[in-house]
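Next come two complexes, and both contain subunit A; in the first it sits with subunit B, in the second with subunit C.
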Partner chain A sequence: MRALSWAYLAIAYAFVFLPVAVLVAFSFQDGRLPVPPFQGVTLDWYAKVLGDRDLMAALVNSALVAAVSSLIALILGFLAAHALARVRLPGSVLLRGVLIAPMTVSYLIIALGLLTVFNQTGVRLSLWTAGIGHVVINLPLCFAITYAAMGDHQKNAERAARDLGAPEWKVLALVSAPMLAAPLAAAFFLSVTFSWDEFIIAFLLTRFDVTLPVEIWSMLRSGISPATNAVGSLVFLVSVTLVVVLEVFVFRRAKT
Partner chain B sequence: MTLAAAEKRLGWGLAAPALLWTVAFFVLPFLAMLALSFARMEGREVVAGFDPGNYIRIFTDWTMFKALLNSLEITVVVTVVSVVLAYPLAAIIAFRVPARWQRLALLLAVLPFWTSYVVRSYAWLLVLGQNGVVNKALLGLGLIAEPLEIAATRTATVIGFVHFFVMLLTLTIYANLIQLSPNYARAAADLGAGRWQTFRHVILPLTLPGVVTGAFLTFVLCIGDYITPQILGGNAELTLPQLIMLQMGRSGNFPLASALSVVLMAVVTLAYFASSRWLRLDRV
Partner chain C sequence: MTAGVSIRAVTQRYGSALALDGVDLEITAGEFVVLLGPSGCGKTTLLNIIGGFAEPTSGAVLIGGRDMAGVAAKDRPTTTVFQDYALFPHMTLAENVGFGLRMRGMAKAARDAKAAEMLALVGLEGRAARRPHELSGGQRQRVALARALAVEPDVLLLDEPLGALDLKLRRAMQDELKAIQRRVGTTFVHVTHDQEEAMAIADRIVVMNGGKIADIGPPREVYLRPKSLFSAGFMGEVNKVPVVGGKSALGPLAVPDGVLCIRPEAISESGALRLGPCRVEETTFFGTYLRAHVSPLAAPDLRLVVHLAQGAAPELGSVLDLGAQDFVVLEA
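On to the complex of A and B.
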């Protein structure tokens, strides 16, 4: 039984890592195709990718859209969570339902709905319209995470601040937000990773300036190439670095 | 103004931006799409109206209906296979791996989660392709004489999906297993239950809400995904999202694309009600 468990674990890890290992290995391929046989090691593809203007522009666009849309989603979600956790509003179950609803709808449908409205109202597609879509998908996440993290401890500290005469914005900025620093950071970085990696909304709601996943998509259409492997490996490296930093600095600290 | 009324006003004020955003950019667009799904195409012009023609077409035109069936079949297979593979993995990490290594084991098990979604499907294409790693390895070992045709088939789509959702489900199921007090298993053992009986009658029922929640998420994400079938599935058969994109892109038929989306959403809603007894979306 014990041996069987370890064997299963090994096979599962092999399965999970197989595509990533292949992706990274063949990003160093000294040849035109990222498939066996392996013809030697070169960094040319990385040089090519890093020197590609369109790709680098898309990378900057992605970072901008992710940062701005996540910040908006975080602020809106935090304020709404604060309101619904503290004040008994009529129909608050329904309100929570509305705020959470986008989570259960396919991104494709959210994108198509927004595209319909933008078409009908004559809004031009840009990074902004994609950003609006990304706030829609990340707002429920930010709301749910901060809402779940608000407890009685929080409420007592806020009440004390209010009794001492603090106006509401000061309570929010100086008491609630610092006390929720860890969940707020978690919500923000989760939103950033979702937005950063999101394809269908960005694909349908941008036109001339595109995000990285959309740019990678257009690379794919011209067939397989080690250059795509190199981009993929770089994105992976950045994301994993972010995860490790989060794990070490945010979540570990949150536990103590 | 009384204190309670002031509180209430403040509450509305704080909740308003998020609510307005959700209504303006989610609820209204959905309603607009719903209205559009009842419109008609005349040439390249959209004619508004209340015409159920698009829906009738979806359920009578075989290529349309087949896409719906393909999506359902793929999604059900992916959900079942992913749960069956992820449960033991989560259980091994939760019960066999020493406590201090569990976080690391989990982090490693989901590390490829952090590759770009588009790139992950592409990577599977490299693995499963005609000249891919799997075929080259099997040929080299003499296990097969001809390369297997996996890429550009439904099998490839399913493999790509299962890879992603095994990671997702391992996380959610592990979170459930680790919360169980070991006393349940001990009590069952004291009462003479064997390992299998303990699992079947104690552990599994207790983790069912977590499993169903993860399975529901898998269902929703899988049935709505365009990328994985588009990159890995080839053109032999279409899924619903591929058909939607095709209608929008090549044909410019937004009313039909809208109707297909409404059908997609209806399927997800049905899945929600089917699993709502066990669903715990607030505890994800």
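On to the complex of A and C.
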């Protein structure tokens, strides 16, 4: 029975990680195709990828879009959560629902909606428009995470800050936000990983400058090669690093 | 810095509930006033109104002669010590204590010096670099006090500041609070439901009930000469005997009509107002006194609580001839 449960565990993990392991393994393939048989180890594909101007530009674009859109989503989400947690507004349940609702809408629908709006209003597609799309998908996430973390503990400290003469923006900047540092960081890093990986919105809302997933997609159109595996591995490495940073510096510290 | 507080006909309504009902109160500069009463009596509401956390439905609050209508909490010459301390967990003690000074634009070096001075005042010298979670409950409350006093408010408001501490620590902190108040000279308005705490620290006690002031005066006066039955009962145990036309259940008593109120410790065998022979029903030793339940022979259904001397050891069922040294007669 015990052996069976270990086997189940192993199979479950294999199911999740085998594709990633295969992707990473064949990024070192010494041959033209990232398929078995494995023909030896080389770093040529990484050299090729890292030397590819378009790819590197897309990588920088992705990082920029992820960082800026996440920061905006975080600030907007935090302010909305703070307002709804602290101030009694008419219909605050409805407001909360409407803020979280975009989570349930598929990215494709959001992208198409935004595309229509941008076309109608004459806004030209760019990294900015993709960034706006990412704010739309990450705002509900940032809102939900920070809203859930707000408690009476902060409320009382905020009251004390006001009592000591702090104007409202200083209450937010010096007391509310630092007291919520862990959930704010969690919301930010999760947003960054979502934005970093996101394809559909970035694909539909960018034109000349594109993000990394869009660039990879156009690489794939000209056929698979170990180079795409190398890019995929690099993307995966960045995501893993973010999650590890989050775990070590945010969640672990929050527990103590 | 210190200032008086005038509360004039302050009424606070929450929907149909009346939290404060036309409260008038004059607090002199430098006074230590305790608002005492059961939960829901309006004492915290009154404190919030003085601090600017709530606007009264009607009436006025003046601090140092200045009308506070429309003045936000951050702009009032008041600071508050909260029951749950409300320290900033992400700041050191020096940053916590210096926060109000920082909001007033004081430079870092100056406010660190002031914070160190305030921490020394509350007995936490040399801990400026610590963080609140490293401290015990009593120490956190001291930091909250230092933080509120650092900005030299005219009036310090204390919202059940000792409520979360255990009894022994609470008694120790009371003495300290009183000493600090004497030293800084700031007007203290302190809310509590603990009448012993009120007596230990107050210059004047304001007993509140149902949104009104039930009694007001120095501890001795409020305890010994209460002006209302509520106040008499809230300040401590009291024996109540109704008297009509000089007659009572105990027999004729030479007191005006009303309710005769006698503290248990005011009853003894030598008391001047004779209560007549009473049978000892039950005794319990309390250390500093012997607490006895007695019933007068004239009224066997009536039970009086009497504090006898520590050395007294009356047999159960024995009869004592008792009298009251001190009493008040209040309107029913």
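By our rule, the second predicted complex is superposed on the first by the 256 of 256 C-alpha atoms of A that agree within 3 Å, B and C clash if a C-alpha of one lies under 4 Å from a C-alpha of the other, contacts with A are read in each partner's own complex, and residues count from 1 in each chain.
Methods note: a residue touches a chain if its C-beta (ideal position, glycine included) is under 8 Å from a C-beta of that chain, and two chains touch if they have at least 3 such contacts.
As the structure is a computational prediction, the values presented were derived from the model and not from experiment.
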Overlay on subunit A: subunit C relative to subunit B, clash or fit: fit
Partner touching more residues of subunit A, whether subunit B or subunit C: B
Touching partner for A:P183 - first (subunit B), second (subunit C), both, neither: neither
Touching partner for A:T116 - first (subunit B), second (subunit C), both, neither: first
Partner chain in contact with A:G131 - subunit B first, subunit C second, else both or neither: neither
Superposed model, angle subtended at subunit A by subunit C and subunit B (C-alpha, nearest 10 degrees): 100
Subunit B versus subunit C as contact partner of A:R159, first or second or both or neither: second
Which of subunit B and subunit C A:K170 touches, first, second, both or neither: second
Partner chain in contact with A:T104 - subunit B first, subunit C second, else both or neither: first
Partner chain(s) touched by A:L212 [first = subunit B, second = subunit C, both, neither]: first
Distance in angstrom between the closest Cα atoms of subunit C and subunit B, superposition on A: 6
Residues of subunit C defined as touching subunit A within the complex: 51, 53, 72-75, 78-80, 82, 84, 86-90, 99-100, 103-104, 147-148, 151
Subunit A to subunit C touching residues, read off their complex: 156-157, 159-167, 170, 174-175, 178-179, 181
Complex contacts: residues of subunit A adjacent to subunit B: 2, 5-6, 8-9, 12-13, 15-20, 22-23, 26, 33-37, 75-77, 79-80, 82-84, 86-89, 95, 98-110, 112-114, 116-117, 119-120, 132-133, 135-136, 139, 143-144, 148, 168, 193, 197, 199-200, 204, 212-213, 216-217, 220, 224, 228-229, 231-232, 235-236, 239-240, 242-243, 247
For the subunit B and subunit A complex, residues of the former touching the latter: 7-8, 10-15, 17-19, 21-23, 25-30, 32-33, 36, 85, 88-89, 92-93, 96-97, 107-112, 114-120, 122-127, 129, 131-133, 136, 163, 166-167, 220-221, 223-227, 231, 241, 244-245, 248, 254, 257-258, 261, 264-265, 268, 272, 281-282, 284
